[in-house]
Structure formats: structure tokens, C-alpha cells
């Protein structure tokens, strides 16, 4: 017999997953770029919820801070700074559309087949019980993963300088 | 128009009327715009000596969409009239208009001039006329209280839409 | 022998991975079919999120000592932020030059 | 006052909680009962928010009135107390105008995007010991994350109105929010560092001996920075450039009337209360205090901070846009970084000295 609270948790996972997928489809299909961006917000926010349900509460909050709070706002800014894209005809030729959809479908079918048919180890059939993630992530970032951490910060710095140089108006 | 007479005195309608009219009268947010010297008196009405805010009407909204009351303060020229009408059209229902000063009521000292509108009744419905050249801030307060009296007599049964 | 998918409850490893794969594929479809550079950037964000979902699911089900999956997700987010910043800067620079954000307009290097 | 959680004076919501549990959780099948109790809690918090916002609007208008030698609203109800009620009822009954050129669904969605995060923040504010809807172990991060979502709502409002002033206001708001979010995030790390936890309840408990405001020399600097960045985050005067009426009409909510505008209005005040509450929690010892019950202390401190916000509004003129940006990037950000560094060094020194 399924415990009701756990059924609630599982149910909310599938709900949020469905919302995320619907949002992702909206990103791809929406006719106006601005609507795509709003669908992206929907996807990212509901993914944050699924992360929390999957035991990654810190990551869920980080997802909201970085993705919803920063990257989407950046994209919205980009949309508003390039106003003429509103009228851009979006259908990009039947050939390219079918090719794109075909590639995407192929990727999806292959990965689904792999996921479904793989022999996953027994130990991975049950979830690890919830543990405090904030401290573990902090420890990891400053010990085992110190080098990638530093490289990520350098990457951010380079990206920031690069973005400023590229987007700046010529004086 | 509206409800049949025998339903007018219904308890439900009258008490809702009371609440709605009380709320509308107690929070008359004006549009922030002035045209001429009367506007100075309108601003003075908001200052500490006269204090429009006692009646909850000091919230001058910059956008007509959020305002309830248009105080037309000052001479309306023929060039300005379309703009005034446009601001009136942009306001959300229910909306009220106070014509402040002799110029807005009838053209004032400029009556008959080639450039002045002889009274804004020509293009917007005015609820209260506040005479004077310019009227003192107390007179504007009087006008707002008159408007509150008028609002108290309204009924939702009369609304057309 | 193919392992059968478990029922919907509880959330299983496969379901999380399927969500990731679906997001990734939708992102690919968007990135390949749309012409607007900003929409393409957004599709790439969707793809990256599919990857993050996969990592988080593995972190949930793989019995490792540290939370490698979640830490890697944080790195992905960092890279995504950098990518979005540089990508939008390029889009804006292109818009300034060509007055369009269609990727078809930026094919001069094709010769 | 030493306050056990099961004391009715300390925990005024205990009655509600017990009653709700007794009525719904004991008699209904399990997920349903939990959902109903949760919904009731949400309803109660929302009512509380509405009441607090009304009290704030009234207090602000009266206080600014007194500061300017006026009386402020005093005709509606005793001492004008019903003024906010009248405003709310009027706004509810006003016509909702949707411009023909507007992008309709985002246009109506934007006020919700702005309002909902500012209401959700209230669910983790610790009103007293154990007295919050939920105490997350990542509470601070949660608050920061929610603080970023209204930006999207504001941008949406500006874009969907298809009005140039609204668009300018939205862009301004977004630029300002991004600029001030960075020093805010950094400076919030100071109390987190001192308390060693991200849970808001834990941060309050860590201040039982010493408020972080008095943790010299970084405490006052961090407090001031947080307050300034917080005011900028909620677009209050003197940082209310997104709605500067002398330049861009009403900014991002130029085209909004009636109920959607009321939602923006509500969000603004709910946010300023949230900033006051967060200042109280992070720097002023939260619900800690002698004699009086904790939640009274919490409200006293929060309203004191809110009074400071009103005071600033009644005193300072609006900043110019370049001054605003210069303050954010050239003053607040370096200062916040230095504060965080000094706090870290000081803390490790204290730890090594005390063993």
C-alpha cells in the first residue's frame, strides 16, 4: 500500500515534470519570442520544483536564483534591445524543420531506448534518503572540485569581459 | 435604464450602494495635471495648510488609468482640448470631472478669444464646477466634498453597462 | 534482458532520466528549426536543463559519497550563465550591424 | 521572555493549528486533510498580509503627513483607519482596461508574477520561535530566489503594455533590480557567515546574545547596505525610478487600472514589509527580546524598520538614474565585498582565539 504523503510527493513530481515539458514545447512552438521567454520561465521554475522533490533543495533554490532570476532576465533584456525580431517570420523552410524534428526525434528515441533497456544496478533502484545538501555541496566545491570551481569563476570573468566588449557601442 | 423601480429599494442593492459609494467617495485619486494658474491653487490644496489628504484625495496618479478624478485646473485652449479629452477617455470608469476656475467653466477672462474653449462642458461631462479666478484651495476642497455628496446619490442600479 | 519500467510510484531513476531526455530532445528541435537567434539560445537553455535533470536524478539514485551530480549541475548553470551572456552580446552586436536577429542573415562566412 | 512553543501567548496561531488539525486531519482521509490544513494556513497568511498592507498604507500616509506638517487621511473611519479599506474597495470595483495593442495574456499575468513571490516570502518569515509556516534550511537562498522573480513580472508588464513609457519603466526596473541584487546577495552572506546557517530561524537564534547589527565593525555597514539595497529592490523612494512620474508617467504600470494595478500596489507594500521583516530577522535579532512575547517583539522591530523606510521616503528626493547605477556598481558592490571579507577574517580570528 502506498503511503498517501509519498503519493502526493510522487504526484507533484509528475505534475511539475509535465508542466516543464509543456513549457519546453511552448518555448519551441511559440510564435512570439517574448512568449517563448515566458514559457522558458515556466519550464525553469517547475524544474526547480522537481529538483526539490528529487532531494536537491539547494540546487532548486540556485536554479531559481541563477536561471529564473538572472538568465531569463538577461534573455528578456536581449529581446527588448532587439525590437524588430517581433515580426520575424518563424517558419524556416519545410526541409530544415523536418530535418530538425527528425534529429530531435532520433535523439529522443535512442536515449529512451537506452534508458528503458539498460540494466541499471540494483543499488540504483531505490532513492538515497534525503540528506542535507548545502553543506555537502559546499565541502565538495572547496575540496574535491576546487579546480573546476576556480575554472568556472575564471570562465565567468572571461564571459563577462567578452560580453561587455562585444556588446559595447563603438565610440 | 437599469433596474425596475420596485427593485431599487431592495436591501441588497441599497446596502451595496452604500458601501460602494462610501469607498468611491473616500478615495478620489486625481490625475496629476494642471494647465494654468488654477493648478497652483490645486497644488496648494495638497499642502499642509489645506491638506487634501484628509479626504484621502492626495494620491495624485501620474497615469490616468489609475485615477478617478480629473481636476481641470486652468485655461483650456483649443489646442489643449483634444489632450484633455484624451486623458478623460483614458481614465477607467467610474470617473469624475471637476472644472476648476472661471476659464474651465466658461472661458473666464479669455472668453470669446480665438484660442480659448468657452467651458469644458463642450467636450467632457463635468460633475462639479468650482468658480473663482482662481478659486482658493478651500473652494477646491468644497468642490471635492460636493462631488462626494453627488457620489452618495449614485446607485449601481443605474449603471448602464 | 530489458528491465521493465517500474510503476509511476515511486519516482524511479528511469522517469527522471526520461524527463531529461525529453527536455533535451525538445531543445534540439527548437535549436534546429527556429531562425530567431534568441529563441535558439533559449532552446539551448532547455537542452542544458535536460542535462541538469539527468545529473540530479543520478545524484538521487547513485550511491556515491559526495553529491557529485548536484555539484556538476552547479557547474552547468555557471556555464549556462556565461553562454547566455556572451550569446546575447553577440545577438545584440549582430542586430546592430544587420538590424535583424535571424540566424539566416549571419551566413557571410559561408562564402 | 522565555517562550515554549506550546504556550498560547507565545504562539497565537496554536489555536488555529489545533482546531484545523482536529477538524480536518482527524476526520478526513490523509492527503485531503493535509491539503485542506495547508490551504487554510495559506488563507490565513494571505489575510494577515492584506491586513498588514492596509495598516502600512495608512501608517505611511499618516506619518508622511505629519512629517510634512499635515494631518494625513483622517476623515474615513476613526483617525482615517478605514482609508485603505476604501481604497481597496474602490480599486476592486474600478474598470479594468486592457489596451487593444496589449499582449493580453502576459498583460494579465504580469501582476501575478510580481505579487505571488512577494506573498510566498511570507511563508518562511519566522514570527516567533517555531512560528513560521515552514522553516527551510536554505531559507535565505529561498528569499533571494523569490526576490528575482518579480523582475520578470515587471519586464512582462512593461513589454506587454505596448506603451513606450511602460517599456522604459520595465527596463529601468530590471536594470535596477539586477544592479542591487548583487550587493544584496553578498551582504546577506554576512549574517549567514556569522550564524553558520541559512535557516532564518537559526539566524535569529544565533543572535540571542548579540544582534548582528552590533557585530563591529561589519555589522552596521552590512545593515546599512542591506537596507539600501532592499529599498532599491522594492522600488521605494528614493529609488523609485521605475515609476518616476516626472519622467516616464507611472513606469511599468502605466497601462494598468483597477484590480491589476491594485495587485502591483499590494505587491509593493508586501515587499517593503518583507524587506523590513528580513532586516529584523537578519540584523535585529528577529523575535528575540525581553518580557514581551516574541511575535510582539517581531512586529515592533519590523514596524520600526518600516518607519525608517517611510522616514527615508519623506526626507530624500529621488535619485537620478546615473547616480543610482553609480551607487550600485561603484559603491555598494565593492563595499559589500569588503564587508564580507572583513567579516570572514574577523570570524576566523575570533574562532582561532577562542579555540
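Just so it is clear, A, B, C and D label the chains in written order, and each chain counts residues from 1 on its own.
As a working rule, a contact is a pair of C-beta atoms (placed from the backbone, for glycine too) under 8 Å apart; a residue touches a chain by one contact, two chains touch by 3 or more.
Keep in mind that this is a model prediction, so the values were computed, not measured.
Highest C-beta contact pair count among chain pairs: A-C.
Inter-chain spacing, taken between the CA centroids of chain C and chain D, is 33 Å. Averaged C-alpha coordinates put the centre of chain B at 35 Å from the centre of chain D. One inter-chain figure worth recording: chain A and chain C are separated by 6 Å, centre to centre, where each centre is the mean of the chain's CA atoms. One inter-chain figure worth recording: chain A and chain D are separated by 28 Å, centre to centre, where each centre is the mean of the chain's CA atoms. Touching of two or more other chains is recorded for residues 7, 58, 62, 70, 77, 79 of chain A. The chain pairs satisfying the stated touch condition come to A-C, A-D, B-D.
Within the complex formed with chain C, the chain A residues making contact are 2, 6-7, 9-10, 13-14, 17, 20-21, 24-25, 27-28, 33, 36-37, 40, 43-44, 47, 50-51, 53-56, 58-59, 62-63, 66-67, 70-71, 74-75, 77-79, 81-82, 84-85, 88-90, 92, 96-97, 99-101, 103-105, 107-108, 111-112, 115-120, 123-128, 133, 136-137, 139-141, 144-145, 148-149, 152, 155-156, 158-160, 162-164, 166-167, 169. Interface residues of chain C facing chain A in the complex, by the touch rule stated above, are 1-3, 5-6, 8-19, 21-36, 38-39, 41-43, 45-46, 49, 52-53, 56-57, 59-63, 66-68, 70-71, 73-75, 77-86, 88-93, 95-96, 99-102, 104. Considering their complex, residues 4-5, 7-8, 32, 34-35, 38, 41, 45, 57-58, 61-62, 64-65, 68-70, 72-73, 76-77, 79-80, 132, 134 of chain A touch chain D. Across the complex, chain D meets chain B through its residues 61, 65, 68-76, 80, 82-83, 85-90, 93-97, 243, 245, 249-250, 253-258, 261.
Against chain A, in their complex, chain D makes its touches with residues 29-31, 34-35, 103, 106, 109, 136-138, 141-142, 144-149, 151-152, 155-156, 159-160, 167, 170-171, 174, 177-178, 181, 185, 198.
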